[in-house]
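A single structure is presented below for examination.
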């Protein structure tokens, strides 16, 4: 985190995490905190990927099960799971992931373009691919984690 | 040290206006909401000039000026009275109470500062 | 924000406070209960508005406020008696002043003929001028500036008593041009005869300046009555003074420029000149009897210091205290789970903590609390206007203005109260003729009362009018298809029909109550605040509307229930009663909806878990608990749940802040175990089953 103020705009710090067998990463600047899993209160008539809401020091925080959001199989969360609290515009949401795997520093030039595939989910979320030690980490965008138009609803 | 001015006025808008004008002129500004409050401020502060309104709740400007003039350690402080219009009777009462001078409202910030400068040592 | 714009905003805020004070004071004066301080406060209110309006050059406002103020000054000094005619004029002037303030604020227009007419009235009662006095005419300037002036200046003791200083006057003169000063000490007495606060010196000044005499007189403006001043044209003198120059008097008295004027060290050195001596002012200025009384009233009035705090800060604190309460509850639960004895030191300290926490919560909530006075103060004008429009005579009596309630509640009770009062005058009070014929005074009474009752605020609007015409109400309800012609209703039920949507008793929609808003809308807006409204009426004696509201919108009294494993909160205000349903009372209305027989009527049932989509299966009614709830417009339903866990006050949390509105859910809260529980939106849940069944309960169904 200490290097997040790096003035070189082409270098960014990323936080990598596992969802199922895949690895993803997001910009560390968007992350507010990382906490353990607690049982969420289900919300009626919500999309399947919204696990419900939890209490984050008095604020009601919606929890998005990233696996489901990205079209991967759902897993019943356990104490080993992690919630990454991220700030998107004026709202905070919790991303339910399997585990945080790495903190990376990447130059823009390291990030490979996403191949043109037909998957809408890939088009919506995957902004680039990052090769690290033989692994492939997908850089994802958080703008559309909650369905369009809803972020402004508040 | 910059000149300290105590303003005594029950109107928030007027207080804000006085503060704004006086700070802009480089004065240090103390503010009180009525005569009694003004006297409380004077217990711990020694302003160089006092600017007071006349019509105020609890203790009006006349009472306030008289109290200042009765106080051995404060009576040499110049007190300027804010009067809304040229009301000879009010001006005379303020003078009788011991006002040093007066400023006619609605005041022009330049004239306000000028009047303070005139009576400040 | 631009500082001037901010000050302007403050000014208009302050105007609203002054206008409220003005009106309250005038009403007190009208009732004859006014003390001298009331009159002073009324005067001050108008005076302050005028003063502020001057800053912003709001000329129309300044002009009218001046005329108004002058009249009030005459009232204050006792030269204008406050008979009914004058009081009426003053009250109308207050209304016009309010209009002028708002027009100035919103850059709007006012009815100028009304303003002008009032000014004429004021002129007639008190011989006032139409305009504020012109600014002081400066004295005619000297014919031609001369290059030099000879000034003779002899201060008298009052000059020093008022903290004026010769040195400063000389400094001021020097701004006009170089000066040369000599001191005449002829009148200096022997030291033994000297009055330490006397003034014995005459200063002769030669001013070398090409200025008008008036410019010199202006320098002495503040002291002209406390000195002898002679100004004559002279030939320039040499040399002029430079800063730091020392003036030396004939007898060795020296005077340096810019000395700190220390009053006590002033050394007067000459005997007073009898012909120049002015009697010093009396130590205390003479006060008029009114002012003496005012001074007493002022000293008697309780003084409470106030501070202004940003609302965000208070809300933040309320949030944090809410957290503290939750954390404390969690800690208690953990301690209990750990099997620590209740009598142990830990448990006892915890109890103490719980006590403190509740007290902090109450105190913090009290910060947002405000007296309902600000809303009550708007009502007298409304009563006057509605009475005038309807040709009725009405007097408003208010009680309990000091009753406190959360700021957000205050902001939202003004509208319902306005409607209730309009309604009381328009529909409640009879015309003066009818009242006289019924043996009542021509002037009707509208009473507005606020009080606290079991953790809620209760507002009552009562009138001494004719009461509800039940025959007419029933007829109207049948006409509008709200009840069937053979429905057997109690008097109370008939009275409360006026709250049904689409009900209006007035045969012609009047200008007053009929602004497209009926009592049903009032009831809905009250329900939205977690409140209830009811009416009781005695034919011939009048009606009373009773409005009860929670003291704050930040917390809610709720019933904790569980439905298929989900914990939910149902606002207590919506619950009419809890039931234990019997299978024999439940009937299917169609494939989806069951109704339950309840005291002869049928009420639709809603399975809470199913309606929220938590479950596809419907709970067996006799396996569940049931709550009879009432939503907007008095629409009722029976909610089915698995269990009731008791009542609880909860802190309301927004779902929208980080997510979005959820259908069927009003808000969320955090329970003692730290988990989020959802607060049911009773109206929405009731409505989902009611699209075809929008008839009111229970009357309609009873009549079937």
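Chains: A, B and C, in written order; residue numbering restarts at 1 for each.
Here is the rule we use: contacts are C-beta pairs under 8 Å (C-beta built on N, C-alpha and C of every residue); 3 or more make two chains touch, one makes a residue touch a chain.
For clarity, every value in this text was computed on a predicted model and none was experimentally measured.
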Touch-based graph of the chains, sorted into line, ring, star, complete or other: line
Among all chain pairs, the one with the most C-beta contacts: B-C
Rounded Å distance between subunit B and subunit C, as computed from the means of their C-alpha atoms: 28
Whole-Å separation of chain centres (CA-atom averages), subunit A against subunit B: 62
Distance from the mean Cα position of subunit C to that of subunit A, given in whole angstrom: 48
Per-residue overlap in subunit C, given as positions that touch at least 2 other chains: none
Subunit B partner contacts - residues on subunit C that touch it in the complex: 3-4, 6-8, 10-11, 13-14, 40-41, 43-44, 47-48, 50-52, 54-55, 57, 66, 132-133, 135-136, 161-165, 167-168, 172, 221-222, 225-226, 258-264, 281-285, 295, 298, 301, 303
Subunit A - residues contacting subunit C, complex: 38-46, 50, 52-55, 57-62, 91-93, 146, 150, 153-154
Subunit B residues within the subunit C interface of the complex: 10-14, 16-17, 20, 36, 53, 55-59, 62-63, 66, 69-70, 72, 75-79, 82, 84-87, 93, 95-102, 104-106, 118-121
Subunit A partner contacts - residues on subunit C that touch it in the complex: 319-320, 322-323, 326, 566-567, 612-614, 653-665, 668, 670, 674-678
